[in-house]
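Below: the structure, in C-alpha cells.
Chain lettering (A, B, C, D and E) follows the sequence in which the chains are written, and residue indices restart at 1 in each chain.
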Amino acid sequence: MSGDFWFDTILGLVLLTLALATVRAQQLAAAVMIFVVFGLILAVAWARLGAADLALAEAAIGAGLTGALLFSALARQAKAESAPVSKSSSRSSWLVLLLSLMLTGILCFSLWWVPLQPEHHLMPLALEHLANSGTEHPVTAVLLNFRAWDTLLELIVLLLALMGARLVSSPMLQTPQRWPLASQWSKRLAPLLILVAFFVLWRGATAPGGAFQAGALLAAAAVVLRLNHQLPPLHWRYGWVRLIVLSGVLAFVVAGIASALLQYQPALLIHWLEWPLWLAKPLILFIELCATLAIGLTLTLLVVGEPEELSS
Amino acid sequence: MSSIVWYLWIGAGIWGIGLYGFMRGPELLRRIISLNLMGAGVFMVMVALAARTEPTDGVLHALVLTGLVVAVSATAFALALLARLLAAKP
Amino acid sequence: MLSNVVEWLWPGASFGLANQLAQLWFGFTLLLWLAAACYSVTFIKRQVGFYWLFFIVAMSGNLLLIVAQDVLGFYLGFALMSLSAYALVIHSGSSQARRAGRLYLQLAIVGELLLFAAIVLRVHESDGNLALAELTMDSIQPLTLLLLLLGFGLKAGFFPLHVWLPQAHPAAPAPASAVLSGAMIKAGLFGLWVFVPASAVVVQQWAVVLLVLGLCSALFGAVIALWHQQSKVVLAYSSVSQMGYMLMALAIVWLSTGDARVMAATVLVGYACHHAFLKAALFLGAGACSSYRLQRFHWLAIGWCLFTLVALPLSSGAAVKYGLKQGLMAQQSSPVWLAEWLYGLLSVGALTTALLALHLWCLLRQQQMATHSQSMPAVSGWMNSGWLILVVASISMPFAVISTQPFWWASISLSAVWASSWPVLAAVLLFLIVRQIGWILPERWRDPQSRFVWLSLRAKRLYQTQSRAEWQVRWPGWRSLERQINQGLQRAELLSTAAVVLSSVMLILWLLH
Amino acid sequence: MDFNSWLPLLIVLSSLIPGLLIFTLAEHRTLLRTCLNLSGVVIKLLLVVWMWLGVKAGEDYFFQLPFLPGGPFILHGDALSLQFVMLSSVLWLATTVYAIGYLENSPLRSRFFGYFSLCVSATVGLALSGNLVTFVLFYELLTLATFPLVVHRGTPQSLRAGRRYLAYTISGGVLLLMGAALLHSVAGSPVFMPGGYLSAQLDTQSMALIVAFVLLIAGLGVKAALLPLHGWLPEAMVAPAPVSALLHAVAVVKAGAFGIVRVVYDVFGVEVMQQLDLTWPLVVLASSTILYGSWRALQQQDIKRRLAYSTVSQVSYVTLGVAMLGPVAAIGGLVHLVHQGVMKITLFFCAGNYAETLGIHKVHELNGVGRRMPLSSVAFSLGALGMIGIPPTAGMVSKWYLSMGALEAGFPWVLGVLLMSSALNAAYFLPLLYRIWCLPAAEWPEERRLSDRFETHWMLLLPPVLTGALIVLMGVLAGTDISPLSWTELIVEREFGYVE
Amino acid sequence: MNYALAAVLLPLLAALLALGWRRYAAWVSWGGTILSLLCAIVALQQVLSDGPQQMLLGNWPTGLAIRWQLSELTALLLLLTTVIHSLVASYSLTSLRRLQVAADFWPLSSLLQMSLSALWLSTDLFNWYVTLELLGLVAVAMVTLSGNKSVAAALRYLLLSLAGSLCYLLGVALLYGQFGVLDVAELATRMPASESHMTTFALVLMTAGLMLKGALWPLHLWLPAAHAVAPAPVSALLSALVVKGPLFILWMLWSQLATVELSHAAAGFFLFAGSMALLTGGWSALRTPYAKVMVAYSTVAQLGYALLAIGLALRSADPAFQLALWLFIIAHALAKTSAFLAVGEMQHSLGGKRVQMLKGASQTMPVAMFALAVAGGSLIGLPPSGGFLAKWQLLLPLWPEWQLWLWLLVIFLGTLLSAAYVFRLVVLAFDRADPVKPDFAPQLLPQWLALVPALLVWGLAFGSHSFVHWLGG
C-alpha cells in the first residue's frame, strides 16, 4: 500500500463528496463555495495525473473565473428572491436518482473494458512531428499547429460568449464602496499577476503553459483592479477594446491566410493554417500573444462587464 | 495501473452526480453548476485516459484544454442569460 | 319499299314506309291530325302558344314513329309523342286535369322505360343491328315479349293497362282527346305489330291469350261505359273496348299464316282506320256539344258515327267486323272450340256496343238540352270543316281504300247484314224496355272513381319527400380532456422533463442492443 | 423537338400564362382582364382543334421533360385525352363568358379568374398527361387550383365546405400518390399504352397489383365521387355558379372519371383486369353510387344540392361503362363523359341564372319561372330531359350504348340499374319542370333587373342556350363525324382494336 | 477543395469585419454570404467534375491533422447552407429598419454560416464537438435577439444544448480511449471489428447528445418554445439549418461506425421515434393556437421523416433511403425558411401571435400567404415539390418489402396530419368575413423574398434528375 494508493483514494473520495455536497446543499451559497473548492481539488487531481497545463488552466479558469462568475450570479440570485421553486414530488426525485445511478453504473461498467495499454494513440505521432512544429511542448504544438483549426474555433466560441453576454447584459450590482485594504492589496498583486502571466505565456513554448492560462491570469488581475475601481471602465465603444477582443481571432486568421499566400502552389487556400517551417515559431508566438490579450480582456468583460460598457 | 481505473470511475461518478444535479436541481443556478460538474467529470475521464501512457497523451490534454475554454465560455453566457432572466422577473 | 339510311343523324337513322299497309296507317293518321288541327284553330282559346307547340311536337312524334325504319328513330318518335301529349292533357289547367296528367305522365314514363329495356333486349337478340326490317325475322325471348307488350300496352290502353285513358281523355280539350284516342293510342298497337316477330313460337302461344284478353277488354270497356254519365268518359271507355277488338285483330294476324296473315293485317289496319275516324268525330262532337249550339246536320253526323260504331251494314264498321270474323275463323293455330266460342261472343260485343251507342246518344241530347237555355255560339266554320273531313273519310273509307273493298262487298251480302244487325235490334229493344220501366242506375254506382288516381298521389308523395337532416359527425367531448393535458404539460418544468427524457433515452438505447 | 412535340405544352400554357398575368392585374382593370381571359380561351380552342385534326389524321404529339428518376414528365395527345381536352376547352369558353357576366362588379375578380385559368390548365394537363407520374402531378395541382374557387365567397359555410373539400381531395391525392409509387416500384412509369403495361408483372406480383388498383381507384374515387367518398360534392355547392358549373360538372369530377378510364384501360389493360377479376367490384360500386346519388337527390330541397347529387350518380355512369370492359360499354361510358358534362353545365348555368336574377335557391321557389325566364327554362328543361335520357337529347345516346354494352359484357342486371336510375332521375327532375312550366308564378325572393332587352344579362343567357342547343345536337346529330359519339368510336377503335 | 474552404472563411471574415465596423455590418455580412454562395457553386462544380476531394488542415499526417472531406453530399449541403443564408440575409436586409437588434444579427448569422459549413466539411469527431458547440451558442445568442420574452426559452435551450454536447464529448472520449483515433474514416476501419460494451455505450451517448441538439422526437421539447420566440429570419435559420447539423453527424456515425446487429436494433428505435415524431408533432401543430409555434411543431413532425429514412436505411442497406434522407433535408430546409419568413412577415404586419390573425390574409397580404401555401404544399409533399420528391424516393423502396407496411401507414397519416395543419392556415386566409387589417402598409419586397425559397422548393422535383445523380441514386 504505497503512499500513492492512499493519496489517490482520499483524493477521489474527497472529489466525490464535494460534488455530492454541491448538488445536495440546501442553500445555493454553500453549493457555490463547495464548487469552487471542488475546482481547486480537481486541479490537484489533474496535476497528480501528470497534466500540468490542465492543472494550471483548471485552477485559473475553472476555479478562479467560474467561481467569480458564480458569485456574481449568486448575488443576483439572493437579490431577486424568486418564489420558492415548487418542491418536485418525491416520486420523481427517486426516479431521477435511480436513472443517474444506473447511467453511472453503465458508464463505470463500460469504462472497465477500456484497455489500460491503448494499442494506438496519437502521442507518438505528435512527438515525431514535434521537431518541425515550431515549439518543444507537445500540448502547445497540438493546440497551435497540428489542430490549429480547433483552437481558432475555440477562440470564436469565447468571442461568441462575449457577444451573447453583451446581448443580454443586465445592470451590474453597484460594487461595494472602496475598501482600502483591498485596493492596497490589489495594487501590489496586479503587477505580480501580469508578470506571472507573461512568464507563463513565454514558458508555454517549451513547457506547460500557454495562451489560455496566461489570459486567465491577466483577466484575474484586471478583474481585481476593476473591482477596486483602479481600472477605467472598458467600454465596448472604444476602438481599442474591440480591437483587442478581436485580436486573438484576427491574428489567427491573418496568420492562416499569410501561410496560405506564401505557399500558393497547387491552389490558393490549400495551405491554410500550415505554418511554413522557418516561420512557425515566431508565428506561434505572435498568435499566443494576441490570444492571451484577447482572452484576458474577453474574460474580464465577461466577469465585470457593465451593460452600458458592453452595449455599443 | 489500477489508479487509472480508479480515476476513471471517479470521473464517471462526478459525471453521474452532475447529471443527477442537472435533473433534480430546482434552481437554474444549481443546474448550471451541475453542468459544470458533468464537464469536470468528462474532463476527468479524458485526463485519466491520457495518463495511461508513459509520456502522458499531449493531444488529449490539448482537447481537454479546448473543452475547458468552451465550458467556461458557455457557463459565462449561461450566467449572463440567468442574470437577465432574474433581472427581468419582477 | 323506299327507305334510305341518313348517315349524319343518330346511328342507323333511316326513314321510309315499309309496305302498303304502313302507307295506309300513315295516311289515316295524317288525315286525323289535319282534322284535329282545323277543329282546334277556333276551339282553343286559352294558352294558344303552348297548345300549338306541343300539338305539333306530338304530331311530328306520331308521324316519325310510323315513318322510322330504325329502332332509335321509332323510339324517338314514340317518346316525343307520349311526353308532349302530357302537355295537351293538362292544357285546361283544372285540378282534375292536373291529376289526370300526373297519372298519365307517371305511366308514360314507366312505359318509356319498359319499352327502352324491351328495345335494348330486342336489338341485343338480333345481335346489334338497328334496322326494323331485320328485327322481325328471328326468335324472341319471353321477357322481351312481355316488356314489349307492357310498354306498348300502356300506350295502347287495352283492358289491364287502360287506367290512365278514362282520366286523360275527358280532361283534355276535344281536339286533343280526339287525336289522343284516334292516333296516339294506335301507335302502341303499331309498335307491337312492327316489333314482334309473328313467326316466333312463344308469340304463337301468347297470341291465344291475347285473343281472349282482347275480347275481355272489348266487353269490359262497353259495360263500364254504361255506368258513367259524362259523354267524354263514355267515349274513353268505348275506345278501351275498341282497342280490345283491335288487339284481337292483331292476335289473329300473329296466329294466321301466309296470305291469311296478309288478309288479317288488312283487317287490322282497316279496323284502326275505321275506329280512328269515327272516334275522332265523336270526340269533336262531344266537345262541340257542351259549349256550342248544334244544327241538324251535326246531329246527322253524330248519328252516322254511332251507326258505324255499331257496325251496321253499309258502314265501314260492318266491313271491318266481317273481316275480323273471317280472320278469326280462317286461322287454324288456335283450338277450334275457342274460335267458335269467340265468334259467338263477338255478337255479344256488338250488343253491348250498341247499348253504349244509345246511352251516348241520350247523354249528348241531354247535354245539348241543358245548354239550350243560354245563347250558345254557332259552330264555327273551321270546326265544321274539321268535322266534315272526318265524316267524309269515315264514309268513304271502306270502298275508297282498295284493300278493304272485298270486305265491304262481302258485308253487304244478306247473311252478313243479318249477322251484323240482329244484335243492334236486340239492344234497341232492351233499351226501350229499360226506358219503359224507368230503371235508372242507383246513385252510389254512378261515375265510379278510379283508385289509380289516389295511388298516383301516394307515389308523388313518396318521391318528393323532405330531405333528411344532413347527418353531422359529432366530435366526442375530448376538448376538456385535451385542456387538462395541456395544463399538465405547462406545469411540468421543461428542463427537468427534458433531462429525464435524455437519460431515459440513453438507458433505452443501451438496453436495446 | 419539332412543332408536334411543343403543341401539347402550348395547349397547357395557353391558359396558364393568361392566368398568371391576370393574378397581377389590379381589380379595376376589367377590360384587360376580359381580353386576357378570352384570348386565352380562343387560342386554346384553336390549338385543340389543330391537334384534333392532327390526331384524327394519325399524327403523334409527344412532349417529354425529365421529372422524377425513371418517371419523366410526359404530355401525350392521344385520342382519349383529346376528347377530354376538347370538352373542357369548349366548356371553359362558355363558363368564362358566363363568369364574366355573373361576377359583374363583385370583389376579387382578378384572383378568381387567375385561379380559374390555373384550374383549366391543370385539367387540360391532366387530360394530356402521358404517364402515371404526370397524372398524379396534375391531379394534385387541380386540387390546389380549385380550392380557392370553392372558398371564393369567404363566408363561414364556404370555408367549411372548403375544409371538407380539401380533407377529401388531399387524402384522395395521397392515396393516388401511394398507389402510383407502388406501381412505379413494380413496373416503372412507362407511357400510357392501350392494353396497359402490367401484363408482365401479372403472375409474379398479382397481390401488389390488386393493392395498387384499390389505392388508385380510392384516390380517383374521391374526385369521381364514388359512393363512400362523395361527401364533398354537395357541400361544394356553396361556391359561385360558374365554379360549381365548370368544376363540379366538368373539371374536377371528370378528372376523377377520366383517371379511372386511364387506369382501367391504359395502365392495367383489359386482360389484366379480367385475370385479376377486378371488374365486378367496380361495377357494383358504380351501380350503388348511381342509385344512391339519385335517391339522395330526391330528398334535396335546394336546387344546386339536388344537381350535385345528380352529378354524383351521373358520373358513375362513366365508371360503370368503363368497368364493364366491353367495347360498346366503353363507348357508352366515354361518350357519357362528354354528354354529362354539357348537360350538367347547362343545368348549373340555369340554376345560376335563377339564383342571380330572381334569387331562387329552393325548389319550391321555382313556380312559374318558365313564364318569367323562358330561354333559361327551356335550356334547363333540355338539360333535365337529357339527364333522364329522353330520346332527342344526348343522354339517350349514352344510355343506349351503356345498356347495349351491359348486355354484351354479360351484366344484364346493370340494365335494371340504368332503368331504375332513369326512373329516379325522372322522379326528381320532372317535378322541377312541372313547377317551372305548369304552376302559376309566386312573387320572386329578390328580383334584379339585369338587362332590359333580355330576361337576364346577355352573358348569363348565351352560354346555357348554346349548351342547351348542343345537348339536342349531340343527341340528334350523333352520326356526324365531329360528334362526340364518332370520336368515341375512334377512341375505342384505337383502344380496343374494335371496329363498330 | 479550395472554394469550399473559401466558403467557410468568407463568413468568418465577414463576421469579424461586421463586429469591428458596426455601421456597415449588414452590407458586409450580406456580401460575405453572397460570395460564399458563389464559392459553394464552384465547389459543387469541382466535385462533380473530378470526384470527392479531401484536405488535411495544415497537411500533417492523417491521424494528427483535422481532415476535411468534400463529397457530393457535403458540397450539396454547403450549397444549401449558402443559399438559405443568402435568402435570409437579403430578407433581413429589406426589413432592416424593423428588426430591433439589427446590428448584432449580422455577425451572428455569419458565424452561424461559418460553423455550419465547417461542420459539413469536417470528418473529425472532436472538431464536430467544437462546431456543434459553436452552432449551439450562436443559435442561442440569435434567439435572445428578440429581447426579454426570449431569455427563458434561450436559457433552457442553452442548458440542454450544453448537456447534449457533454454527452457527445464523453462518447468521443470513450472512443478515443478505446481506439486512439479521432477521424471517422479511420475509426470506421477499426471499430466494427472490435465491438464491445464500451463502443456501444459511446455510440449511445453520442446519439443521445445529437438527438438532443437536433431536437429529434423524444428530446424535442425545447424547440417549439425557442423557435417561436426568435425573430423571423432567426427562426428560419434555426429550423432550416441548425437542427440539420446534428442529424448529419448522427447519420455519419451510424452509417459508418455501427455493426450490423447494433444498427438493426437502433433502426427499430429510430423508426419508432420517427413515427411518434410525425404523429405527435403533427397533432400538436394542428392543435396549437399560435402560428409560429405551429410552424415549429411542423419542424418536429417533418424531422420524423428524416428519422424514418435513417431507420429504414439502417435496417436495409438500400441506398435509396439515404437519397430520400438528403432530399428530405434539402426540401424541408427551403420550405421551412419560406414558411417562417412568411409567417414572421404576416405576424409582424397583422400583429398578434395567434393563428386567427391570418384571417383574410389572402386579401391583405396575398404574396406572403401564397408563399406560406406553396411552402406548406412542399411540407405536405404535393407534386412537383421537393417534399413530394423526397416522399416518392422514400415510398419506392418501401413498397416491395411487405413486412414494413406499418411505416407506410405512418407516412400516410403523417401526410394527412401535415395537410390538416397547413390547410388550417390556408382556409383561414380565405375568410373574407372580417379580415384582420394590417397595422401599416405591408412591405412587398420582403414578401417576395419569402416567396423565392418556396418557388425553389416547388419546382425541385423537376430538377430531381441531377440531385439523384449527384447523391449516387
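We take it that contacts are C-beta pairs under 8 Å (C-beta built on N, C-alpha and C of every residue); 3 or more make two chains touch, one makes a residue touch a chain.
Computed from a predicted model, the values in this text were never measured in an experiment.
*Asks:* Show which chains lie in contact with chain A and also with chain C.
*Replies:* B, E
*Asks:* Which neighbours does chain B have in common with chain C?
*Replies:* Correct list: A, E.
*Asks:* Using CA atoms only, can you tell me which chain is the most central one in this structure?
*Replies:* Closest chain centre to the overall C-alpha centroid: D.
*Asks:* Compute the centre of every chain as the mean of its C-alpha atoms, then state which one is farthest from the centre of chain B.
*Replies:* Most distant chain from chain B: C.
*Asks:* Given the two chain pairs A-E and A-B, which is bridged by the higher number of C-beta pairs in contact?
*Replies:* Counting C-beta pairs in contact for A-E and A-B gives the edge to A-B.
*Asks:* Report the chain whose CA-based centre is farthest from the CA-based centre of chain D.
*Replies:* A
*Asks:* Distance between chain C and chain E based on Cα centroids, please, to the nearest Å.
*Replies:* 80
*Asks:* How big is the gap, in whole Å, between where the Cα atoms of chain B centre and where those of chain D centre?
*Replies:* Distance between chain centres: 69 Å.
*Asks:* Measure off the straight-line distance from the CA centroid of chain A to the CA centroid of chain D, and report it in whole Å.
*Replies:* Once rounded, the distance between the two centres reads 73 Å.
*Asks:* Could you state the distance in Å from the CA-based centre of chain D to that of chain E?
*Replies:* Chain D and chain E have C-alpha centres separated by 43 Å.
*Asks:* So which stretches of chain A touch two or more other chains?
*Replies:* Residues 88, 96, 99-100, 103, 106-107, 111, 114, 118, 121-122, 126, 142, 146-147, 150, 154, 157, 160-161, 164, 168 of chain A touch two or more partner chains.
*Asks:* Which chain B residues touch at least two other chains?
*Replies:* 15, 19, 22-24, 28, 31-32, 45, 49, 59-60, 63, 66, 70, 73-74, 77, 81-82, 84, 88
*Asks:* Considering chain D alone, which of its residues make contact with at least two other chains?
*Replies:* none
*Asks:* What are the touching chain pairs in this one?
*Replies:* Applying the touch rule to all chain pairs gives A-B, A-C, A-E, B-C, B-E, C-D, C-E, D-E.
*Asks:* Show which residues of chain E lie in contact with chain D when the two form their complex.
*Replies:* Chain E reaches chain D through residues 360, 362-363, 366, 373, 377, 380-384, 388-389, 391-392, 395-397, 399-400, 408, 412, 415-416, 419-420, 423, 426-427, 430-433, 461-462, 464-465, 468, 473.
*Asks:* Quick check: in the complex, which residue numbers of chain E touch chain C?
*Replies:* Result: residues 156, 159-160, 163-164, 167, 200-201, 204-205, 207-208, 211-212, 218-219, 221-222, 225, 261-262, 265-266, 268-269, 287 of chain E touch chain C.
*Asks:* If you look only at chain C, which of its residues touch chain B in the complex?
*Replies:* 495-496, 499-500, 503
*Asks:* Help me check something: in the complex, which residues belonging to chain C touch chain D?
*Replies:* Within the complex, chain C contacts chain D at residues 6-11, 13, 72, 75-76, 79-80, 83, 90, 98, 105, 109-110, 112-113, 116-117, 120-121, 123-124, 128, 460, 463-468.
*Asks:* Taking the touch rule as given, give the residues of chain D at its contact with chain C in the complex, in rising order.
*Replies:* On the chain D side, the touching residues are 298-301, 389-392, 396-397, 399-400, 403-404, 407-408, 415, 419, 422-424, 426-428, 430-431, 438, 475-480, 485.
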